[in-house]
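Accompanying notes for the structure given below.
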Amino acid sequence: MEKDTGTLKIEWAGQFMPVLSRIREQFVKEQPLHGVTIGMALHVEAKTANLVMTLAAGGAEVYITGCNPLSTQDDVAQALNRVPHVHCFAERGCSVEEYYAAIDKVLDAKPSVTIDDGMDLIHYIHTKRRELLSTVIGGCEETTTGIHRLHAMAAEGKLEFPVVAVNDTPMKHHFDNVHGTGESVLSAVMITTNVLIAGKYLVVAGYGFCGRGLARKAHGLGAKVIVTEVDPRKALEAHMDGFLVMSMAEAARLGDIFVTVSGNAHVINSTHFSQLKDGAILANAGHFNVEIDIDWLEAHASGKESRDGIDTYLLDGKRIHILAEGRLVNLATPKGMGHPAEVMDLSFALQALCARYITEHGKELSGGVYEVPEAIDVQVADQKLASLGITIDTLSDEQKTYLSNWDAGT
Amino acid sequence: MEKDTGTLKIEWAGQFMPVLSRIREQFVKEQPLHGVTIGMALHVEAKTANLVMTLAAGGAEVYITGCNPLSTQDDVAQALNRVPHVHCFAERGCSVEEYYAAIDKVLDAKPSVTIDDGMDLIHYIHTKRRELLSTVIGGCEETTTGIHRLHAMAAEGKLEFPVVAVNDTPMKHHFDNVHGTGESVLSAVMITTNVLIAGKYLVVAGYGFCGRGLARKAHGLGAKVIVTEVDPRKALEAHMDGFLVMSMAEAARLGDIFVTVSGNAHVINSTHFSQLKDGAILANAGHFNVEIDIDWLEAHASGKESRDGIDTYLLDGKRIHILAEGRLVNLATPKGMGHPAEVMDLSFALQALCARYITEHGKELSGGVYEVPEAIDVQVADQKLASLGITIDTLSDEQKTYLSNWDAGT
Amino acid sequence: MEKDTGTLKIEWAGQFMPVLSRIREQFVKEQPLHGVTIGMALHVEAKTANLVMTLAAGGAEVYITGCNPLSTQDDVAQALNRVPHVHCFAERGCSVEEYYAAIDKVLDAKPSVTIDDGMDLIHYIHTKRRELLSTVIGGCEETTTGIHRLHAMAAEGKLEFPVVAVNDTPMKHHFDNVHGTGESVLSAVMITTNVLIAGKYLVVAGYGFCGRGLARKAHGLGAKVIVTEVDPRKALEAHMDGFLVMSMAEAARLGDIFVTVSGNAHVINSTHFSQLKDGAILANAGHFNVEIDIDWLEAHASGKESRDGIDTYLLDGKRIHILAEGRLVNLATPKGMGHPAEVMDLSFALQALCARYITEHGKELSGGVYEVPEAIDVQVADQKLASLGITIDTLSDEQKTYLSNWDAGT
Amino acid sequence: MEKDTGTLKIEWAGQFMPVLSRIREQFVKEQPLHGVTIGMALHVEAKTANLVMTLAAGGAEVYITGCNPLSTQDDVAQALNRVPHVHCFAERGCSVEEYYAAIDKVLDAKPSVTIDDGMDLIHYIHTKRRELLSTVIGGCEETTTGIHRLHAMAAEGKLEFPVVAVNDTPMKHHFDNVHGTGESVLSAVMITTNVLIAGKYLVVAGYGFCGRGLARKAHGLGAKVIVTEVDPRKALEAHMDGFLVMSMAEAARLGDIFVTVSGNAHVINSTHFSQLKDGAILANAGHFNVEIDIDWLEAHASGKESRDGIDTYLLDGKRIHILAEGRLVNLATPKGMGHPAEVMDLSFALQALCARYITEHGKELSGGVYEVPEAIDVQVADQKLASLGITIDTLSDEQKTYLSNWDAGT
């Protein structure tokens, strides 16, 4: 029988996810999630499907919907629905009402563990579905923006169950954010616009992990990278890393391509639009579509023309091109594939192991944000190195002694 | 009235082609191609359409077909057919018979000037349509492979009209080949496969202009680049540029991703296939689909599975993934966009000016391969710098004197 | 009157230390160190002299000696001794006995604040001069290795006064370690050996802040960088950053140049020496000369030949070249200049402000290792940006609200 | 017996010159230069000494002096004078009179072959010692500037014997100029000034082979590179390679460090000095000390202070720092070591083989500039690859046929 395209995509991605594959084999044997109901709101595409299937293989009943109206791949969603113990409600291009209706469906399953990318499930539970607070053991959160929101909640004492901050662990942000965002944003921008990166002024708003990966790789393709920041220390790092550092007010006049990865709202706004060069290209790679003030453009532009993945606004006779409606450009642009499989292998290996951890230990923990246990982080690194066939050094006893000794001097 | 998608694409590309736009304005005024029939075989997509429209705007009657069965964008072809004085016969996915029938249609128009990308028109005229040799004034050739073939013809005394080697001029190969191929191949591979470039062994077969652009940019994204070469001097350049240099026999065992840009046949062949790692990804960025010996794979693989733009062959239990059937990956993969607009701006500005040159001077020239006149090359550079707003230095009289003087010593 | 060379060097470095200069102006006015005796053991060269003079300008009586027998610049030491309130005991090439005698002289002044680079003063006080424990208010430590030793002491409950870990603050290790070590090691190796970096296998042992700066910059010059690590997560980072990652046992057979920056002992040892290629060059950039097991070489080599900054050992007919006797190569090689002035500007600005901080707050703190107060870290960043004329963005009220809000979702 | 420092230096460099070593072995056997007198004017340091000894080993009587008053290493010159059949007249810091007196001494030996770096010998013969024109068979020229002068002479019909343009052959300029100049200039600037490269605006005047090597490597260390050019095509290459391109008038206001590699006079002149930032650092890496108009500074500066390798001029209250008196900074700065041994291995292997070629074929050639025979160029590449243990591919018969065939099309 011919395979469906969703299954072909899932199998393709699975090939490049050796760590998750090994965990799946282990889960099949050990059934650590037996009897657990997991609710998920993630980008529903091929890599995520491999996580979902790993959780189901580990004994869980999995209910999943999207975490962004434009990031679902429908054929993958359909393929997932054919997997035993998996229930998928995501649809590409759904309305905001449909988006929240799907979240409700996930929550109707009364999950004991949640897995979020942007904290929508956790938020919804704490506000609209508070009856579930008694049944949820804990959650996992994937992204920087979600962690920010969780810390804000925790600071107000409003986070009522334990959540593992997967994003904050080294094996996540040093790979997924730096390399995954960096490469997938560039390929999405290149394939959507067909413009050359070499020689361009490419403005990166925000020099966090995502921003620095993007800056370094754009530079590696030949761009003149401009970094904007609000943190003076990160700004100096960018300066010494060889990038041009300036305020967005200055960058607006120079930039050819802009990518926001700040996690903040309106970093490109009405004060900047009028300064842009004719034909400037703007994209967002932050989690939410708030970084560019598109509402203002919609209200004030004298015209708008749309192509595949590109909306061109006319302002004072100049063209401003917005990619993917200002949503996560690597996922939401029509040809976008999201993060490469190999980085999602690491992130989702962490998610699978943290889902197990929260299942086993969640009840011992009070409400709050928790780090990924170091042993899990190291285990993922070890398994990835093994899959690459890379051997590294180990400390000899003499070296362990040396390191613990404060006596050896000049 | 709603614009069609072909026109939207053409206008989009045109925005990023300032040099060609300026030439078009000049052509509209001066009508240098008045009464000239131009026959073209090029990749029919949005950038090419801007060249075609420039030639038509200059007074020419233009007949065009594709130069590769998989590189045509049908909506662009249709939009071109709505432009006065333009006749387009290209269709994506045509058979070899249809491909050559379309070439015949172009030649039926009895062009006095030919513009080729790969030398198919010139070859066809010299072999199958020799009656046209009396009416053709001259031609222009776009690509490295075509130039190789032309030099081979000229060496045998078989090239019967003058052809300008656009590929060989600095403003072409230092930009189109280095940056255009480099970026478009990477974005095509990334968007087709969704694999990470960082950390991968990426093998580049051939360290010509295309190869070095690709190597440098892949390295800039974090790949460990391996270069294979047959020329010891280029091999040493690659070595000192920081790349790993080895034979393909050795590279075959290490590589994760292979891209051929050698202009040669079977640089990856049956002796290498069996050495590949499971899951190796192979793509070609040379003009013709001969660099990877796919015929051998078709004949010997134990299985084949196809996804969008990817054919997976099974050989000795290992998977070998071939992108875009081994054709030019940046154009022939389903999401491929070809070279970025800005480099085609330079290449097609050269083509437009060389078409004018051959119209005006072709009759004075005997059969053979000719360089682009330096004045044309410099003019394109000057106009591109002007469009970027970049000012450079000029030699003072004192400096001119210094440079022409051999007397000043230590 | 002609200036002496020491003064010329100090003034030269001072030009490139704008942040420290501004602090000096402030110190002159406010005299925050009035009456304080400061004991220092740092590399005595031109940048350090600017710190010493800043502390003296702030009212302190400063006693200083070196922290490495080969890193002192004698003309700078002499010039320092002509500065009021400064007493310098360092001498290049001193014996180990003389080295510790000089430390004793510094301690004889009964310092209330110590500034260390490698923890020699603090160690000496806690072991040999315990009578001083009653008069020391606190200390500052400059380097990674010193911090390791301090944490080991603190873990055993043996650190009896508060020490600020200058090395661990972002404004130190993101600049001094990454850029300072990276550049100064490369220039020292290049100028000592006159070998080409391009094309070489350059092995970096340790992928901490120093190692990654060195790796990136060596790669930027064209080296094929090999990284060895004991931490699987750092190893994977190196892998995805584009470097070759392997064990030292494997690297030993490939490497042309080796630089140890591990902070550990014997990372290149007798098991590796015999595997090295003829002519391999070994250097250390870690704080102590223990990273390469030179004692073993001294005992087992069949011959030794010395050049300026290079000792060549013969082993099994092969030459092994050790730079600067395995001491900090950027300081201890005869032409070495140490870290660039601009990074020491940041590090020493932190030291000056932390010396003030410990003076003002040390008595409130119990024994242990303390972070640099964030306000000091940010102040140094702000002043450096100001000196560069770089303006960055600031958060609007709307943005502050957005960031503190966990309510805004999809 | 203890070796002298000159011999130690020569042996050190010799280790990293495997191609020249192999040629020396061949020369010892074949004595191709038996009875030939060779006159040389080159930088007299350790790498050159290895060339000189190779020529002498091949049977020649060699007379050599320097080609720059500041580039001689006296201990190497002394060691050379102890080598049989070698006569060295170079002295570091000689006056212009002494410089030319030494050239006279070389010419007094009536050389039949000349080897120049900057064309001083050839110029002197054609102007002051025309009686030698009858005995000279031919010459070799090492550097870009010399070739320019030779072409100017040849254009006027004034070059009376054949000269091989070693600089112009791929194995010279793709390595010596790109990598040798790039690395040695950076290490010389870094070690002389102790400033950080990361974050600096580093201005490269001239984007020839030397300029692009320097630009790329400075960028690799973290500099923001600005390129100035007079050729619009090279300017565009620099732009797309990711560098900032502008006129020197604009660059003067931004730059922190300037390096001239233009081969032209006064590229930094009085119109630029007044625009420089306080503390700007200026160095020259072109052959002659004319690229920066130091005479103007000497005449107009209000003060001057000298340090080791640095002259600081005061102009309008600002400091302008000139390295190595504006002479070739990589050789003339006190700590400068010149080009790395590995690139001189290639260049001097070419020189040795070309000296043999001119000996054997010079009489057949008329006056003019000649390319290095391709067979010599390829031989050097092959031997270098062999010394690195690198194997590359060779064309199969099928591939040779494919490449010579113009028949294979789409």
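By written order: A, B, C and D. Residues from 1 in each chain.
Keep this in mind: contacts are C-beta pairs under 8 Å (C-beta built on N, C-alpha and C of every residue); 3 or more make two chains touch, one makes a residue touch a chain.
Worth saying up front: this structure is predicted, and the values here are computed from it rather than measured.
Undergrad: Between A-D and B-D, which chain pair is linked by more C-beta pairs in contact?
TA: B-D
Undergrad: Relative to chain B, which chain's C-alpha centre is the most remote?
TA: The most remote chain is C.
Undergrad: Quick one: report the Å distance separating chain B from chain D, using the average Cα coordinate of each chain.
TA: Using C-alpha averages as centres, the distance is 37 Å.
Undergrad: Would you kindly tell me how far, in whole Å, the mean C-alpha position of chain D lies from that of chain A?
TA: The computed centroid separation for chain A versus chain D comes out at 52 Å.
Undergrad: Name the residues of chain D that each touch 2 or more other chains.
TA: Residue numbers touching two or more other chains: 179, 196, 198-199, 219, 222, 239-240, 388.
Undergrad: Touching residues of chain A toward chain B in the complex: what are they?
TA: Interface residues on chain A, with respect to chain B: 3, 5, 8-9, 12-13, 15-16, 46, 179-180, 182-184, 186-188, 190-191, 193-199, 217, 219-222, 279, 305, 307-308, 310, 319, 335, 337-338, 340-343, 388.
Undergrad: Where on chain C is chain A touching in the complex?
TA: On the chain C side, the touching residues are 67-69, 96, 99, 118-120, 123, 148-150, 152-153, 156, 158, 170-171, 174-175, 178-179, 228-230, 232-233, 235-237, 239-240, 245-248, 250, 263-267, 288, 290, 377-378, 381-382, 384-385, 388, 390-396, 398-399, 402-410.
Undergrad: For chain B, which residues count as touching chain C in their complex?
TA: Against chain C, chain B makes touches at 196, 198-199, 219, 222-224, 239-244.
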